[in-house]
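See structure below.
First chain written, first letter: the chains are A, B and C, and each begins at residue 1.
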């Protein structure tokens, strides 16, 4: 008997029941919600404010540039300090043409100094960014470079995690990786002393923009 | 990993006398409980979410076979492979096989208690693979040949100079940090491990959840190491217990609202990643192969019995963070992979009660573990279950067995009991000589090692009441 | 007999083994409090609720003892227990322990529903407060685990103590942490138990209290025994002694005037 059959048989013997597929499939289709916290609710302005507040509480830096400002301008200080190529999403690459020509869309490498991603959405309840992998969207960009920038449009700030999943479901083909990011990487494994920049980025910069829904292009 | 749970008493005594360990342990009880309390206060819906997730976990456990089949089908539909492992050996063999077929030489590993449980590193090393633990705490332990003493803070028993010494013994002088400040040591590990991430052929991670609706694995970290282990290598292998399934992303979201708050007092961990199958044809990055190894190893035996609630466990560590016994002796005294109250329930299941009878017994049943458990596992009740099994199998000490039997026999015969009690009281009072307490007493066992024994009354309450005294 | 509140309820007093053997005054104090709060006291013979056997995994022995308690107190309106731990055993564990007993399952569930810890009964059920009771001293309360977590006993004894004239209540930061008694735990794992009671005592000393009270004699014997060994002059008492105005005698483990 294969391990698969062994395990399933053990479970069925212990549960002493047989056909319960109906209840399972019903639940998988209906996807009932649990309690959605009050902090995940509110109008757009409230959610935007909460997103910024929670993200900063998690040690992310939030920049809110004027409408229409291109990323190279908003990130001029970071670009000046970073040698080599800037790893970015295909959807953002157009913004880098002209002034800074070093923006490339490819998987990240250990030597990369700066990456700029487009977030699918931001979640107000905990200041969390939602990123998805895909064609033209290297997820490694969010983890290898010491400085990671994520652009998100104010229109893409949702209240809670459930609303974020609605966005992912609406975006089409299911991404291989969906990553929630809340602040820069950290560890407290040595003497419970919290230090930023464990293996992932030392800095997370969120560019919260108005009317530039790059991800949806 | 060798099971040393049978030496609990000796290990506990050693731990209590180990000043360095005691300093480290004190920081757990100072840190985690307060942070958890603050995080719970900031989420008024925590209790309602706990009720909801508890119900979801029970629902899944009652339909576990079906959920596993649905999960398997969805993994396959996304281009991944599912492997079933009935026990620890099967899990090790399966993972070694996947690595061999992929022609792998090096493995980068995220922190996984399931992998500790099956002794995966030993199996991989025996097959000639070079394994690097990438979680900072686990990496330090690997260099020291040590094991985790806490399920979410594996190196909690170490201090900065222990880490400094471990790094000095394994890192080239060129990458060494200039001091033993935690920030410096962390930066040193970062420098060393970046190359390992990039060069690993296979990444192995655990899973905090498996999502049935999509066949996804979910893993949370603060360091980002599990992400580097699953997005960079050619092959991603997930090892997860069969108890990790939840139905939907909505259910996962509710559970995640409990997990970090209960564990470290964070609202959410820095990284929460849901992986579904291998890279798609046009993806910019991601592994070419995605495998999930579903581990039973005694879990299915918990179903349908008085221990079933243990399968709700989300491995947050709140029970050990709040346990006064764990706080006194630390995780290693428990003698196997899972320490604290949850370990006192799981270890007997996985290694046998005859090798671990002290674990469920070494609790005052103070109930703090059950109070803080986000999925409402009645841990003292489950420990009592194991005490009953230990008593049935006669693995408890003869002293306890005969003591209790004598007591129970006496307590059923009131007149005999009163005569004996009066006799005992008389003897103890003679020994106390009017001081109201004894510094030594026959049959007081461990009591008078560190405590005086208050002297009994000359005549008992019942006797005096029956004699009309008021 | 009746009073303004209607017929006096028949209140069983479950004296507990430790009260019977070590501290009968707690039994007399509890009886006085039950009467003052309008109850008629019924004392019955069994003093062991079976908890030591139950917590050691000896279900059969525990069930034998539980049946005796259920039978002895079948006729009372309420069973009052001057111990959160024994009250918890009867109220929370008897139903499961005797669940498959054809005769005792229903009476056990019934008794469980009628069982109250002493302070909870006085304060919650009777709305009673001590009047004209004096105690000069600063008192800190240790919240015994079973009372606190199984029965929610926390504020009730404090409310009773606050109504005692001359008494100052001073909280310990670790009042809700286990003292390390744990029944057979303290003799099976004496070193761990000692470490826990030392932590407890540190909190008691820091509170500045001259008396520590609790609702469980097990904890009190443990705390008093360690306080004495460590040379602290802090008294340990059951809260009932103070609330009943019966705290003139020596504290737990302190010298008695007459000992023969």
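Quick notes
The rule is simple: a residue touches a chain if its C-beta (ideal position, glycine included) is under 8 Å from a C-beta of that chain, and two chains touch if they have at least 3 such contacts.
Since we're looking at a predicted model, the values are computed, not measured.
Shown here, the protein chains touch in a chain-like sequence that does not close on itself. Placing every chain at the mean of its C-alpha atoms, the farthest one from chain A is found to be C. Chain C has its Cα centroid 34 Å from the Cα centroid of chain B. In whole angstrom, the spacing between the mean C-alpha positions of chain A and chain C is 54. Per-chain CA centroids place chain A at a distance of 29 Å from chain B. Residue positions of chain C in touch with at least two other chains are not found.
The set of chain B residues that touch two or more partner chains is empty. Residues 2-4, 6-8, 10-12, 14-16, 20-21, 23-25, 27-28, 31-39, 54, 58, 105-110, 125-126, 128, 133-140, 142-144, 160-162, 165, 168, 173-193, 195, 197-201 of chain A touch chain B in their complex.
Those residues of chain C whose C-beta lies close enough to touch chain B in the complex are 15, 17, 19-24, 26-28, 31, 43, 45-48, 50, 52-59, 61-62, 64-65, 68, 145-146, 148-150, 177-178, 180-197, 199, 221-222, 224-226, 228-229, 250, 252-256, 259-260. By the touch rule above, chain B contacts chain C in their complex via residues 9, 12-13, 16, 324-325, 328-329, 361-368, 370-371, 384, 386-392, 396-397, 400, 404-405, 407-408, 411-412, 414, 421, 425, 429, 432-437, 439, 444-447, 449-462, 464-466, 469-470. Of all the residues in chain B, the ones that touch chain A in their complex are 24, 27-28, 31, 43-45, 48-49, 52-53, 56, 59, 62-70, 78, 83-86, 90, 134-137, 140, 153-156, 158-160, 163, 182-183, 185-187, 190, 193-195, 197-198, 212-214, 222-225, 227-228, 230-232, 242, 247-251, 253-254, 256-257, 264, 267-280, 282-286, 294, 296, 300-301, 303-305.
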